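Below are two complexes that have chain A in common, paired first with chain B and then with chain C.
So, the complex of A and B:
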């Protein structure tokens, strides 16, 4: 939802007013593919196909002077021949032709360009000179540029897959990445889990649009609840500091190039100055950014921050059908600073009346291998008022497990050892927007992130 | 393959001689399900169904005095009525009837029993007394017992799924677990990845068969190349020390109950004395056991140790289509004590002749987004003689990626960001027995395990 002058409009409402400089990138009316191709192995084919198959409501125009038709769409010969209403161009042509194409886009009233093509600053001095020409052309003509040397943009809420692979699952995690692969991997995991993303932007060489511009956009994007970023360096520290300070949404960052060899590799990848690691540690701490060390941490933290409610305190109760998983959760809870509090006497007494005698009424509360959804529900209801968070571990193929959990309730859900039933129930929970974690360790560590961000006292 | 008196027989060869006391558990001729049930939610139904569907070559006999037929199989009324040739009984009846059933099994010539039923030592003093009766009945009648209170046994190489969920993928990782769920989760991951397991045993209360017996069996099991165990405590430290010392196969252990609250929970789960954590740290170090902290670490380490060849040294070369993934691999390699060595000058020169100009010829070697299987193959071949291990990262939907890798070669393979193509190629690689890791961090950490086990000098 967008708030503007007191009027609330859905992001895809026909009356929606363009209100942010980057709207043309995320929510264009129509899109042109400059350098569309008939060769299935080329990105000019792959991206056109993904745009056509992702459910984009506007028109998609392939531009190619030599072809008459690509993927059943008539080709436009040049940028100048495009009809009005094209807000965004995706450019996949040889690097040397890109500066002129950007100028032509400006001429034709196109507001933004995503440059997929490589061969710019990442490839040496000649490429760097070309990239400077792109920047000049963009400034002169008022075109905003993502890339070059990038994997594009995907906004599933707008049916816009100007990227690869084809991923369309809508969700509430936004992904910003200096590595196309890293971003695509995150978005693929979210799609596989049926949790989805709100947006993905591959930054590439970020000759114009950078991570700070995107955070500024995503801060006001109604679909985004948490921002996950892979970065090799922050481009403009002063602006970054200012924009992040007023962002108001949780940000998780995986910053690479932290070792001697890693830093050297980062500097040759996107010409980022990876910088001294301690500098980033201090900056991120000050800005209350969640810093993570691995890709799966990045995903888990963003998932927790996007979909779990704020905790009122650190007292957790683990409810499980798997004793072993309960112990692992307990070890990690203690390591992560959570409080594994004892069950109050009267609650324990009530539970002993409700449960079969073989259940272990303690924390973790172990329903043992006979745990059913009905039994879980009884325990969840009886104990909710007495703890800040419930850690609910389904450790068997528990049918209807998804009916046990409640969106928005302080419940951390973990599912493992359930094979096909687990996969079905996980998808059902994700459709309810209840995030599910694959192991006790990953779940508990992600939960601990919430406490850190929300500043609950230890 | 089994070696016996100079004769080598395949594990499933008809002439194979039973040579280990636990053969009846892993490779029985026929199996009886004591307490088979017609009710689909009961384990007496689920396990019978899994036994019938997993491709077991011997006979499966449901035993139930009240039913005439279950799942299309005629019921036997009692253990005494079973035909000869039954080596293994799976027992799923109320705890109080189990001691007699074990005695009856011995009487009928059945050599081993897996007791699924709970209600023994884990449930209090009365249960503990019953468990002592089971142990006495087993000793008197010479029946070996797995459990009670366990999730059974699965040996995919023998078509024996006396457990749940139904998993049949054959592989070379053996899983031993004091938690049924934890073991099932590992085996499910291996099955989903088409990598498979050699065996899974859920230990339960381990009133007879314990982790040491199983390591002793798996040491001589021709299908097992690495052993992954989840334990809350070692039952018999002296025997464990002796058997592990002469095992000769890599062992990875996730030991839980390491914190104050975790230890308390472990002691109520399977009555394990979790013991002081430092004791296990010292023991595992001395025995060169790989200790891990999380379930995914347990899986990754076992996967690397089962399927990757021994390294000759620590010098690695990363080959990638994803610059970002290459940097992450480099950071983690440096953190893990691997050597990110420079490309020798002549090799770099050769590669510059072979590759498009936009590729970054360094370590990591970045083929960029245009990396194809053919390009990877060129680089892999040209650089193999100059490094101890190649870290090959596929960071895009790279068709035919599986054709690049060679089973048994010193190559660590990572695949991410490739969506459907990634899943297809990963399955193809796993069918070739080349393990694939999901992120640079997990791959590199697993690789570092190999160096530790094999004692390559830092």
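So, the complex of A and C:
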């Protein structure tokens, strides 16, 4: 991957193999911050600071007619005065001035704008009229717009944090969110776990760029392996169906509003049963989109779909040092349609020769309280050929646990009760791109996602 | 985005017309006649073969059984004539406000498993096809599955498989398995009807009696937007 090699190619660089209309948003050469500020509590300051600190390779230009310097960078007085090479503008100025700023961006050759400012369609009719002006200015000048009223865009693989908070961990989950906070929470978890994200986009009022445009982009983005989205509704259903059906990457959606809205008393049974939510369920199922009901499930499912290999079948073996965790995992496996198959006789015999006598050679295979990384490794190696997936539960502070697991192998890793050792080993595993789940329930439920749609991943 | 049609601009197709439309799509609809007099009801029962069912045909009465507009298991032509009179008598408290187009006399279907196939046109999603376990409890159990057309026979089969009550269709505790292909064909035909008749807003085929071989639509409601 070009970016990982430390080479940042501009959106229109001849060496970029693919080009996409949204390249200027995710991989701009240089960025201008329209409405940059010296006041540390303002987004015009916070976003400029994040852009400067995230490791962006291009230039970052603060634009403010009243300041000469912000965060040590000389200020440009107006959009028209910007030097060439600016692909992206982040706009944080009062709503009434935004339509003109978008037009000025187009005039200056800037291809995309992220409008952070609020005061548009979300705030009443006057705001909606302003938003229509923004759309009009954007269409006339050929500028693509994210927002308005949004929390920005983060592409850690390009060192581009045009958003907040400052998060830079590179990973393979892309986050799209109609709520800035909900999306940022997801990216924050992934960063804190050292798993990272491939992109974060806060949709805001989605006056131009919507979830379908982003899925279209992320489908061809080399860094993205799974797409996690929080949506309150799909903006353009026909295009969404078309784009998602050829996306080729797993998509997980948390769609809120599962209430009876849209349902009404009716004379046909079908009408009374066809709430909006049932139709979304049908749509997502048809498009092989994983639908989840909580933010936690959104994260876990995306993590599993991005980092775990596709299963060959449903036969699982649980290997644990904690009896209780093994039983919990077995319960969830059975509720989730996985097969907790018996150990083949000869394998059990081999294991009895390898393991201390107090180990319970069954499924779950319980190494009991003194399970060590060395014991885990023996068991994992001896049993791997006989099962489709291994559920490996580290239920104690097991030193060097990260050495037991193999990236890309059909292994679900759960770590709990390990305190500081657990935190260190989890970070090591995440750096190896092996996802670690915090409880048997969350791990097995996430694993079961891989078997949805008859095991045919999107 | 279109808005839902105003209620006063929609009407329920008279059941004979609804059944006729379904038959045009090669769907299995129950044999029936429309009777205007007790004598015609008796004659229809004789021609169809008893037992029969009598149902009032009126655009104002979509839920016929709630107002005593249905008589099931009518065993003889004489009983059919009497049932004709009884149904009209029951409705006479409000005859002035009712347009009664006649009484539908239909053959009773052989027993089987009751299934519902429906369609609703949503202003945002367009048509959606539903299958579920049918009968009067469908809204209670909400054991239904939806799809957005186009609908392939395989997808329609998958919808039936999603129902919690799917085992009732595939042979539960010694019951014979029901003809899933025939049910899937009903769902696919409903999807086609929705595509080819943009004015149709809602369809309830409830119940469809599913048999070991084939199935039979015994009641059809179709809401059209004029």
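By our rule, the second predicted complex is superposed on the first by the 420 of 458 C-alpha atoms of A that agree within 3 Å, B and C clash if a C-alpha of one lies under 4 Å from a C-alpha of the other, contacts with A are read in each partner's own complex, and residues count from 1 in each chain.
Everything that follows uses one rule, which is that contacts are C-beta pairs under 8 Å (C-beta built on N, C-alpha and C of every residue); 3 or more make two chains touch, one makes a residue touch a chain.
Because the structure is a prediction, the values reported are computed rather than measured.
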item: Partner chain(s) touched by A:152 [first = chain B, second = chain C, both, neither]; value: neither
item: A:435 touches, of chain B and chain C: first, second, both or neither?; value: neither
item: First, second, both or neither for A:281, with chain B first and chain C second; value: second
item: Partner chain(s) touched by A:44 [first = chain B, second = chain C, both, neither]; value: neither
item: Contacts of A:232 with chain B and chain C, given as first, second, both or neither; value: first
item: Chain B versus chain C as contact partner of A:250, first or second or both or neither; value: neither
item: Touched partner set for A:268, first chain B, second chain C, both or neither; value: both
item: Residue contacts on chain A - larger count, chain B or chain C; value: B
item: Chain B versus chain C as contact partner of A:420, first or second or both or neither; value: first
item: Shared chain A contacts, counted only where both chain B and chain C touch the same residue; value: 266, 268-270
item: Chain A contact footprint on chain C (complex, rising order); value: 12, 62-63, 116, 118-120, 122, 124-126, 128, 130, 132, 138-139, 142, 144-148, 155, 202-204, 206, 221, 223
item: Interfacial residue positions of chain B with respect to chain A in the complex; value: 43, 118-119, 122-123, 151, 164-167, 177-185, 188, 191, 230, 232, 254, 256-262, 265-266, 268-270, 293-296, 321-328, 330-331, 333-335, 340, 357-358, 360, 362-364, 366, 368-370, 395-397, 416-422, 438-442
item: In the complex with chain C, residue positions of chain A that touch it; value: 237, 241, 266-274, 276, 278-279, 281-283, 286
